Amino acid sequence: MNKKVAIIMGSTSDLPVMQDAIDVLKELGIETDVDVVSAHRTPEKMYDFGKNAHKNGIAVIIAGAGGAAHLPGMVASLSPLPVVGVPVKSSNSIDGWDSVLSILQMPGGVPVATVALNGAKNAGILAAQIIGATQEDVRERIITYKESLKEKVTKAAQEMRNNG
Amino acid sequence: MNKKVAIIMGSTSDLPVMQDAIDVLKELGIETDVDVVSAHRTPEKMYDFGKNAHKNGIAVIIAGAGGAAHLPGMVASLSPLPVVGVPVKSSNSIDGWDSVLSILQMPGGVPVATVALNGAKNAGILAAQIIGATQEDVRERIITYKESLKEKVTKAAQEMRNNG
Amino acid sequence: MNKKVAIIMGSTSDLPVMQDAIDVLKELGIETDVDVVSAHRTPEKMYDFGKNAHKNGIAVIIAGAGGAAHLPGMVASLSPLPVVGVPVKSSNSIDGWDSVLSILQMPGGVPVATVALNGAKNAGILAAQIIGATQEDVRERIITYKESLKEKVTKAAQEMRNNG
Amino acid sequence: MNKKVAIIMGSTSDLPVMQDAIDVLKELGIETDVDVVSAHRTPEKMYDFGKNAHKNGIAVIIAGAGGAAHLPGMVASLSPLPVVGVPVKSSNSIDGWDSVLSILQMPGGVPVATVALNGAKNAGILAAQIIGATQEDVRERIITYKESLKEKVTKAAQEMRNNG
Amino acid sequence: MNKKVAIIMGSTSDLPVMQDAIDVLKELGIETDVDVVSAHRTPEKMYDFGKNAHKNGIAVIIAGAGGAAHLPGMVASLSPLPVVGVPVKSSNSIDGWDSVLSILQMPGGVPVATVALNGAKNAGILAAQIIGATQEDVRERIITYKESLKEKVTKAAQEMRNNG
Amino acid sequence: MNKKVAIIMGSTSDLPVMQDAIDVLKELGIETDVDVVSAHRTPEKMYDFGKNAHKNGIAVIIAGAGGAAHLPGMVASLSPLPVVGVPVKSSNSIDGWDSVLSILQMPGGVPVATVALNGAKNAGILAAQIIGATQEDVRERIITYKESLKEKVTKAAQEMRNNG
Amino acid sequence: MNKKVAIIMGSTSDLPVMQDAIDVLKELGIETDVDVVSAHRTPEKMYDFGKNAHKNGIAVIIAGAGGAAHLPGMVASLSPLPVVGVPVKSSNSIDGWDSVLSILQMPGGVPVATVALNGAKNAGILAAQIIGATQEDVRERIITYKESLKEKVTKAAQEMRNNG
Amino acid sequence: MNKKVAIIMGSTSDLPVMQDAIDVLKELGIETDVDVVSAHRTPEKMYDFGKNAHKNGIAVIIAGAGGAAHLPGMVASLSPLPVVGVPVKSSNSIDGWDSVLSILQMPGGVPVATVALNGAKNAGILAAQIIGATQEDVRERIITYKESLKEKVTKAAQEMRNNG
């Protein structure tokens, strides 16, 4: 059964944003496979990746790109797997609007599960939730992870009230 | 193992848009459970739904809402399951921008898998892909479905060239 | 009779913005109660807060949040009190548009009194005006406060004309 | 003690939108006073209105206008009362963005409690909540009103499930 | 005959932007009268200014403001003189969109001659052109001024070609 | 002395919008000269028009265009006269944003007095105010015109209150 | 030498918009080759088309698509030929902004020559100009075509002045 | 046969952006001719340039400008050559939206081949592709150039995987 999450990005300059996805998946005990795949500069590599990911143990694909971001949508057109798209606010982007719209607004038949601008951490959590949709042990880890978020907020609130 | 897809919406007026998700999941052989759950008018019902969906055989939640759309994000905060958000261009929406941004731009820790404005059909396909991420029989149906899309386009292109 | 203003925010990182509301209410002699309540990470705490605020001497609730900001609207759905929403331009926000639209564009039946982006000072003044709507002593303080604004502008104008 | 809600609008063409505020306040048992006051065509009338409303039994002012909408903000500058602003999507508006921004983005010191585009119904409910902030009988009516909303949604949901 | 240009602004913090108008009018030999007039904090002063400017030798009014900028439009409603509006990108503005729309989108009957965001220099030139519309000596100075712009560009182009 | 107002537009399809300027100037007793001048299809005609308008008795130029609207700015670059720009929401425009921005955002040195989207009526009034800046008889007509606006609003308000 | 213009579109529903390109190229005497190629539903066909167009007598490619429009950019990544992109305001587009930004904002190295929203006519003229860049006979036809535009405007202006 | 690329810009302040076009054309072995031509400050020079470029060995014109950017469109109206427009995010621009829309949204008959905001490098590549549309030796250099892009990405991906 497929269990790995592939994390691809259009350029090495996207890595500082995409690292959050790698980190949170490691924290949640999910194996990852990271690569640079450019829709516009290495279209053949993208084609091979999209056609074969589901045959290589990949369960979910996370794809990040900025500007006129075609990588998530093109991989979604090539693969039967769920694709999580991360709009990256790259240096050539108009405040992120181009990244968001060119990933989100896919035509009927080819969805991309889009997360917030630069939301790579949420992309990682979503990928784990997708595996956890049918795998109970992973879902349990999600529940534990969410509890830890609540505790952090509760503790921060307590400190603020003590200080304030 | 959880196998059903829950489809909830903020108002019965969202049904004409959300019906596309119901239809495509039926076509893909996935069982659905449809309900109206309003974040703002029935918050207790939303709370119960979010807390218990994963205990009731649900694998994926699809939530559609418009305007300041809080249903997908609030359910995502309450449930460990993956939540697919459908921004609905409802009558009180400013051209859909409010629906899109209030679903997409979730804070770190609580992702919503957002699809295009009114993209309920893609929400259904994405839900099936999520189940298919680890269930091979469902993934095979996705592959067949995508082949049928290709055939439709190819046939339409052929007809256009014959007519043109 | 309820007389206090509750000031809640989605994260301690919102405090630098929200402090303006605390300060102006102190200046206007209104008692405040400050806490961190996250719609997405502590939904149970939010539920309890919203359901009980009006039983705890609170007359007005000020809620600040950024990005897909659900705190003001969700508290407004749970409480019969007037809720003043402060859209915060947080680090995960797209130039504040998401914060503004996800607080402002509430559906019919559940209003949020929205102020300007990062407008916590105005949220505080508005909360005092709300109490002053029916309490004459508080309204008198608002009138005095507005006179002081006029004097500051008049003095600054005088200085500029003297210098220029 | 002031108990009435004044409802003013920039033009009679705003009445179809603003009628929702009149209706819901009637339903909630609050007395209203309705007039046309144009910031740009009757500035003197606006000045008199703003300066004297709180002396005439008015507790809350609802002001609706479209395009470069100055009425809510100017009245807020002249009156110590809370002013609820309704951005109207009038015929000269650019999709409502001008109406929203010219009402919402008030400078520090002069808040306008802004509701959604064309959200006059919510303006009415908010005005009632403002009076109910300190008047328990009005607050009880708000609680009853919100229960009726919940019942409507619950019933609609039941019907949809019966039909679907 | 009226010959002076009044330059007013909503706050002394607008002066760094508005100084460009003062400077270019000095360069063009037009007398100016500069003041701070806040629509929201000194509405009475604004009222007096607007009602009387044309009786005090003023031919054109330049008004600059930011955010929900009501000063230019309100002065235009009070005065028969042409009002040039300068949208200022102030600290409380959403990237300048609020300033632009709340000055530009005036209703039928009350125009504001709007220039570019922070375009105070152009406001000054426009005020001179307005006086020059009927006064030939001022128009001659505009023609000379435009020639000097052309020469600067021509010289810069020459230098770039020499260097490049 | 120049006294006429030239009204030019990029296409005859702009006439239904621009007619409002012609009508209001007639009402205000100002002589007009109307023509179609296309920046992109008749650049030579535009060049001649811009270079010579001030020699032909023209005091103010009103120019209307839509989409990437270059006519107002180009005429402003060629003429020393004040140019009033009317952004037209033409069929090829993206909701009017292109028309507004390509007329409003002129560089330093070349102002265009921009009015609201489709605001041709205000362009006409502004042109009259420009002539009235230094011509007292025209200014008197503006004052009378504004009084008539006030009376219309006052009467409409009276009728609404009688009916309501 | 390559002389043909290929016109491709993402869906037969784009044909009513794209027909303008076919028509104007016919008028300019340029041979065309029209097909439906969907980036998302027929990625293999797109790959073959992009890799081989320049070997099949094609000089310029015109590609039209709407929403998250990846066809023009992906073909530009696969072909060494100039690609003209037509953003189509399709039914799933958010007022055309997604179509424009996902075609225009290409990363460094892979340009798309983008024209206006629904600007297929201009795409055809641009394709002819591209061939005319080095082919004098085609350039002469462009010059003649532009003269005919000027004549049409001049005649329309004449008629308007005669009628007006 | 025309073989040169003219690169013009509205101001010397645009040179840091436009230099990318000069550099990449040099790298691709195409001769360039660089100048400053301001639509608004040197309209006569622009007129002469546009009317004569195709008689001076120019095959393609690249024009860069910011704010209300009229240079690319006006040159396109004057010349039969293909014009590549570069929207520059200049200091007076509203986040680049004005630059993009005033270049992109040209009316039917006068296309501008628009590239991404600040996308001068792509303008250079596009100009080379335009010459390469009919000139095989130039097209070969484009193919080689694109191969080098692919190699750079492949190498960067390899390094990231080695490091990660």
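Each chain carries a letter (A, B, C, D, E, F, G and H) given by its place in the written order, and its residues are counted from 1.
FYI, contacts are C-beta pairs under 8 Å (C-beta built on N, C-alpha and C of every residue); 3 or more make two chains touch, one makes a residue touch a chain.
Chain-to-protein mapping (UniProt): A, B, C, D, E, F, G, H = N5-carboxyaminoimidazole ribonucleotide mutase.
What you are looking at is a predicted structure, and each value in this text was computed from that prediction instead of being measured.
Interface chain D/chain E: over half of the residue numbers present appear on both copies, so the contact uses mostly the same residues. Superposition of chain B on chain G using C-alpha atoms only gives a rotation of 90 degrees, nearest 5. Centroids built from CA atoms put chain F at 42 Å from chain C.
Our note on geometry: chain A versus chain G, Cα centroid distance of 34 Å, whole angstroms.
Averaging Cα coordinates per chain places chain D and chain G 49 Å apart. Taking each chain's centre as the mean of its C-alpha atoms, chain C lies 52 Å from chain G. Among the residues of chain A, those in touch with two or more other chains are 11, 41, 67-68, 92, 94-95, 97, 100, 104-110, 112, 116-117, 119, 146, 149.
Checking each pair of chains for touch leaves A-B, A-C, A-G, A-H, B-C, B-D, B-G, C-D, C-E, D-E, D-F, E-F, E-H, F-G, F-H, G-H. Considering their complex, residues 11-12, 15, 34-38, 41-42, 45, 67-68, 92, 94-95 of chain B touch chain D.
Residues 1-3, 54, 59-60, 80-82, 84, 100, 104-117, 119, 121-123, 125-126, 129-136, 139, 142-143, 146, 149 of chain F touch chain E in their complex. On chain G, the positions that touch chain F within their shared complex are 95-97, 100, 116-119, 146, 149-150, 152-154, 156-157, 159-161, 164. Chain D meets chain E in the complex at residues 10-11, 39-41, 43, 47, 50, 67-70, 73-74, 76-78, 92-94, 97-98, 101-110, 112.
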